[in-house]
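First up is the structure itself, then whatever we jot down about it.
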Amino acid sequence: MIKTVDIHQEMHEECGVFGVFNHHQAALLTYHGLNALQHRGQEGCGMVSSDGTLLKQFKGEGLVKNVFKKKDVDALKGIHAIGHVRYSTSGGGGINNVQPFLFQSQNGPLGLCHNGNLVNANKLKGYLEQHGSIFQTTSDSEIIAHLLKRQRGSMLTRIKESLIYVEGSFAFLFLLENELYLALDKQGLRPLSIGKVGKSGIVISSETCAIDAVGAKFVRDILPGEVLRISKNGFESVFYSEDRKHQMCMMEYVYFARPDSQIEGINVYQARKACGKVLAEEAPVDADIVIGVPDSGMSSAIGFAEASKLPLELGLIKNKTSDRTFIEPNKLLREQGVALKLSVVKSVIKGKRVVLVDDSIVRGTTIKQLINLIKKAGAKEVHVRITSPEIKYPCFYGVDFSTYDELISANNTPTQMKDLIGADSIFFISIEGLIKGVGRKPGAHCTACYNKEYPTYLYDELKQANKEIK
Amino acid sequence: MIKTVDIHQEMHEECGVFGVFNHHQAALLTYHGLNALQHRGQEGCGMVSSDGTLLKQFKGEGLVKNVFKKKDVDALKGIHAIGHVRYSTSGGGGINNVQPFLFQSQNGPLGLCHNGNLVNANKLKGYLEQHGSIFQTTSDSEIIAHLLKRQRGSMLTRIKESLIYVEGSFAFLFLLENELYLALDKQGLRPLSIGKVGKSGIVISSETCAIDAVGAKFVRDILPGEVLRISKNGFESVFYSEDRKHQMCMMEYVYFARPDSQIEGINVYQARKACGKVLAEEAPVDADIVIGVPDSGMSSAIGFAEASKLPLELGLIKNKTSDRTFIEPNKLLREQGVALKLSVVKSVIKGKRVVLVDDSIVRGTTIKQLINLIKKAGAKEVHVRITSPEIKYPCFYGVDFSTYDELISANNTPTQMKDLIGADSIFFISIEGLIKGVGRKPGAHCTACYNKEYPTYLYDELKQANKEIK
Amino acid sequence: MIKTVDIHQEMHEECGVFGVFNHHQAALLTYHGLNALQHRGQEGCGMVSSDGTLLKQFKGEGLVKNVFKKKDVDALKGIHAIGHVRYSTSGGGGINNVQPFLFQSQNGPLGLCHNGNLVNANKLKGYLEQHGSIFQTTSDSEIIAHLLKRQRGSMLTRIKESLIYVEGSFAFLFLLENELYLALDKQGLRPLSIGKVGKSGIVISSETCAIDAVGAKFVRDILPGEVLRISKNGFESVFYSEDRKHQMCMMEYVYFARPDSQIEGINVYQARKACGKVLAEEAPVDADIVIGVPDSGMSSAIGFAEASKLPLELGLIKNKTSDRTFIEPNKLLREQGVALKLSVVKSVIKGKRVVLVDDSIVRGTTIKQLINLIKKAGAKEVHVRITSPEIKYPCFYGVDFSTYDELISANNTPTQMKDLIGADSIFFISIEGLIKGVGRKPGAHCTACYNKEYPTYLYDELKQANKEIK
Amino acid sequence: MIKTVDIHQEMHEECGVFGVFNHHQAALLTYHGLNALQHRGQEGCGMVSSDGTLLKQFKGEGLVKNVFKKKDVDALKGIHAIGHVRYSTSGGGGINNVQPFLFQSQNGPLGLCHNGNLVNANKLKGYLEQHGSIFQTTSDSEIIAHLLKRQRGSMLTRIKESLIYVEGSFAFLFLLENELYLALDKQGLRPLSIGKVGKSGIVISSETCAIDAVGAKFVRDILPGEVLRISKNGFESVFYSEDRKHQMCMMEYVYFARPDSQIEGINVYQARKACGKVLAEEAPVDADIVIGVPDSGMSSAIGFAEASKLPLELGLIKNKTSDRTFIEPNKLLREQGVALKLSVVKSVIKGKRVVLVDDSIVRGTTIKQLINLIKKAGAKEVHVRITSPEIKYPCFYGVDFSTYDELISANNTPTQMKDLIGADSIFFISIEGLIKGVGRKPGAHCTACYNKEYPTYLYDELKQANKEIK
């Protein structure tokens, strides 16, 4: 049910973070926590651990289970650890850009990892370089370390004063020898939660599913603008900005998060199923069966089927082979019909009017192939129902959509799209329907990719990169 | 939806076979075909190809996508190929026992692979060794090559005369420079189908899902006792025995085959869903929600929910990490609740009366853990419904159950089992219900593991190994 | 000083064997023994061990130190072991042809390895296949196992009766659960020695250097035609043939064996140095310095310098990079002068008349490049002195020369060769000089590659393959 | 003849550098150049290339031939490149500390590599960190990049002004998009030479052997204190200090450099041989044979034998197996006499009075084992002759001796040492003898490790670390 092996490959969140404070198996817990966050980033992963005096680092490109061998986790022995799964290697640099970063200093080491994306990174880098900073990665996450280095006072003060300069989305983890700091941007664009493990251990995670996965108990979500210091003396919480507003990314509910995660109190699977129900009301259809696109569309398909009283069928079967190590079929084989990522259960579909439910459409290429596959298997009609609104605008907060030009909804009306992809009808849930389905209170979320209401200032560089947006 | 990463790990079929005749990309098609059969064996795989004069071999331990690199498939260039995925490394020997085997001879080479299990292997080996044969593997599949070597006449004759000695289940593929031979045991215990690909190519597969996967068209199933010669001149079909009776393994429908395969005309997914419906009639239950154990129980859960008019929920989420390369949580972490293979969606289950649907119970350890997990998440009741009858007897035809002693149904009544695993009720589909659900005609199947009606003679060694069976 | 990284790459012996009987670290000793024999074969290696009841096998392609990890050696625990290093993968088949072979049988397992080459392999294979044998490798070493299977009586009797059919060179090791058998061909073409290790352990080795390397004490050489049974009751020695004649391969002294080995009582380094002295007497030269081609020509260069009273210089330096994993310089770089395997110490050579001493010339390409290199560095004259006679005929006993056509001495007189390779003079030691230098008694050696006096009958196939030999 | 597989493992130079400017196969030449410098560092290696606009990096731990695959070198396409082989991973950090470093900046990238060691590194780091610099490695080589960042003006000016702060030994290479800068410390402690390749290419190398290896022509050595700018317009040379004095490290001649390198016009092999002759005069001995310790002692052994008119013998044979991948013999095997790195040719040594010549003694453990081995092989006497003076003081300029406490000569007179290692006599060449043998003019070299005359100021930290030095 998890989208780790992504069929779409069109939309990616950059990263998940996990941390453990004061647990004698910190590295092993972090390993298991990162595994549970694997769906948030599959390009690389790493860990920095502390035994109270020394920080150690291990990282690599690929999946958590492949990067870390038992001896590597054992070598990271300690009582605190932070870890990171990364999607993008944007900017190149490969392994250098994989986090957590570890900075050496005569005042002590600093481990750092970051989920999100800074929108004023170029401006900050330019300023810092003019004042003597050297960057070894092309990641925007390195900036915060340089800002920290230039502040004075306690670590908490230095973090607060550094964050004032930073715009965008972030969930930061900072590990020192015996302290762990968290910081969340003032819009709260990305989720970050804490839990308790064992007698006195603390866990931090981008999603609650990883808190569950390591046998910990959920305590609370980190608040927008909050900076939290965790030490042997307990928690110390401050806010780095007075100008806070809660604007959680709606795509976390729609697509990114694991079905068993709770985001700010709302279960992701149930939110998706409820959206399926809303969609069945907003856009009912006279059909024979309901099929969800595995795995991401399954939850909403169940909701759609239930509300529409149509039978749910497993008409599409996902193959296990669609990862990088696999040899892709060449053109000739593809033309012959070698379909590798999804298979159709022909006898289910033949002669049927099918409702095909999925969570989102980015470029539209996958759904087009699917409809073609289903029609070739003998479906009479294919009606597409999507549980996100049309994605018309790029995201600057850590979601790696295809570029503006490639966003099919940026350039086509639903009617045009229906013809392009060969569907008999198509319908997207309304923004209001989505909010109602998910069950969030009004105004507490980011819907910029649907309606261009970006929650932060957009700097010139980003505007330039997307000059098509009028 | 595929059981490749098996949660149960309690029951295994040994092997799947795939072959291509007369296609200029024979090796690449076979690679994709073996991928589609990966669920039938994940311990090792291999291929033998022929370019019309020379046979080449490549094999290794692990998954198809890991064993074969592009250069390996390229090196197997040719127009014919046979391939094999293998579950078991029983008898040890590792890579030596991985198939296909390739035998060199001054009369030409022979490639061989085998899905099934011979019940008179020891007797035959003893005889052959006394007459000078040397075995290099501990696999029973090597026996047929030695029998062939001792016959005279055409290859078709030699195969027919060799098979007379052999008892048990088998689907054999024999590849010569320019001929491909298939043979199926006289009970037809294992599936084997042929299809057409491209202008004049032929494909062979243990399951039709792989025929679809390579863009080929299904032609027909091989018949019990049939020996088929495929050459540039077309097909030549004979039968090696007059004493034929169709007795397809029912566990193929229940558990082994992929949902999108057709076995002797019946779609596996639909058979499973129908069994879920039968089960809902045989053992209705007053409950709130229906949950299937992913992935194998999903099809029947849909059927059960539909027939019982109870809502279907995704209450269990499968993790992606349960393969061999993964570091298992240690005892301490397990006690803390680190649950790696399945996660519960707590908010779905809390306070509910749950029907938990799965396809089979072998040792009972997994279902016990699941029930515990679900109850800890707050379920009020858990009612177990299983779409196979009780598995009370070992299989000698290629299914690697745990031993007789470990079969929980061999030693416990359902009532005893209910208490052992902590369920509130448990019910297994009846043999008649299963046959009705699947939709096969009476008498044309093997149900030995449910009712001890073995379709072949059982030799002393096997009886001894299972002397507990009274 | 060892030729493991061979500069010539023109001549190869196929294989070395090592065994241990009755030592609690049998596998680890064999690992170290095989390392010491690494110069005899670098393509693959393997081991079979016995713990008294069970035989285990491990093998792979590449160097001993790369093939075996500590866990592999540990897994081969037992008290007996045999091992093999292999040069050739002739006949293809890769890993399948790597020895030792392990044959399973209801009468018990058999481990087998072989150093040498059978000259009637094709005839024997044909006979055996007609009588039902199946060969899984293209190695001639598998034949003996099939012959053994067809004999009756004790193992010693079966070995004796099998060897009667076999012609050519061989040193065989046969490992049973608790017995180890050795057999040497009746000409004694290959060396094979035994030693004592620890309190009651026995070691077997192709060369004495490996006996030393594991801290064992040399006991004696195996005799031509001897079959030796080693058991807990001690040694039992028989001869399989009355027609025995001692004809040790002279190339063992000239090229193959390690300088610190003793072959039948004669130290290899001292033999080579003595040949250098003989050569200085047979072909004195008026020159300034003596240079040996590293590493193989160093021993004889020392002898030549000493006898001729000319100064020895290290004028050629061997690079460390000439193995397979290395990226070869492309044509452009080679033309620019990128010289990878040997470097010239220019200031040593400039303006000098150089005597260049090496052990043998096969195709002549290397020596030609070397002379060119030395002349470009400013040498006034280059006089080539070779401590083997001209190699004019192919070897059928396990030495992999280039084919007859490529043997430069088969097709050129020394005078012609001198012009071809650009030397100012060239001289090969005489056969008599070689024998005198080495210090063997007349008639007890094979010199077929120099003078065509093959010690066995040559079968049609071999004659055919070398029809050029008049 | 190269010490790549070091028998001593007691003394290590940290690093070699190589660079190419303006050659269309810059990366491939650098690959081959680094190979020829492999003896200077085997822990890690890397390369940064430029195609005129973009800099790319590749690095790894291990030997050049293992780290770089063909595709990696191909991916580094460009016209300029710099590379590095590294010995030490001191300070930990593994791959992060492997050079060249690549720094990204909005003013353009900078590639950097360094051979040598800075003696005021801690002071400089402390200063830089207080002013906002962040260090990502524990290498002292990163300092120069931070100093550069804080200067203004042309790159040449910035390098000059940065180097004023730096004390110690260094050969720096700085690569920009289209410029290459070299810098050598004002004492000229490490060698650095330039050559010409092809029509207009330039090569840079720590040793001339690598200039030869890529088919380039030696042009000249870089001078102490010189900073050289290489661009498409040719060379521009300046000096960063007026206070220059030539003090080449004598251990380059004695131990580090390859025999075929010329260091400031003197051939290393000939220098070593001449030292052997001087030693024979300074400390003649009545003996039967002369043996050099392979490979490092061979050159001087030839000189010693020639001057003393004693016969040279190859009495010690080096094994090929002494690298990291090899399984070390366990204690039991070692006691049994398993000797892995060197073997004795017993028949050469038995009954003889042996002169054993080597280049240096650091801790004394190896020579002790060797003497024991030689005596066990039957030598009557063993006389040790060493072609470096006694090493009594640590080096702070890039040679990784064992610590002061472990330097056997720091704590023992030759007479005490003779007894400790079991020799019959021992003699070290005098400092004057070494200088005479090598043939350098007086005063132009560093002999601090023999006589404590350090050519730079030693900072507190270093003094502290070696407080034993009185």
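When the chains are written out, they are named A, B, C and D in that same order, and each has its own residue count from 1.
Everything that follows uses one rule, which is that a residue touches a chain if its C-beta (ideal position, glycine included) is under 8 Å from a C-beta of that chain, and two chains touch if they have at least 3 such contacts.
The structure displayed is predicted, hence computed values, not measured ones.
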Interface residue overlap between copies subunit C and subunit D, same or different (over half shared): same
Centre-to-centre distance between subunit D and subunit A (centres being mean Cα positions), rounded to whole Å: 49
Centre distance in Å when subunit A and subunit B are each reduced to the mean of their C-alpha atoms: 37
Euclidean distance of C-alpha centroids - subunit B vs subunit D, Å: 61
Two or more partner chains touched - positions in subunit A: none
Listing of all chain pairs that touch each other, if any do: A-B, A-D, B-C, C-D
Subunit D - residues contacting subunit C, complex: 1-2, 4-5, 25, 28-29, 31-32, 35-36, 38-39, 64-66, 68-70, 73, 197-198, 209, 212-215, 258-260, 262, 267, 269-270, 273, 294, 298-299, 302, 306, 311-314, 317-321, 323, 325-327, 329-330, 332-333, 336-340, 343-348
Complex contacts: residues of subunit A adjacent to subunit D: 93, 95, 101-107, 122, 125-126, 129, 131-138, 145-146, 149-150
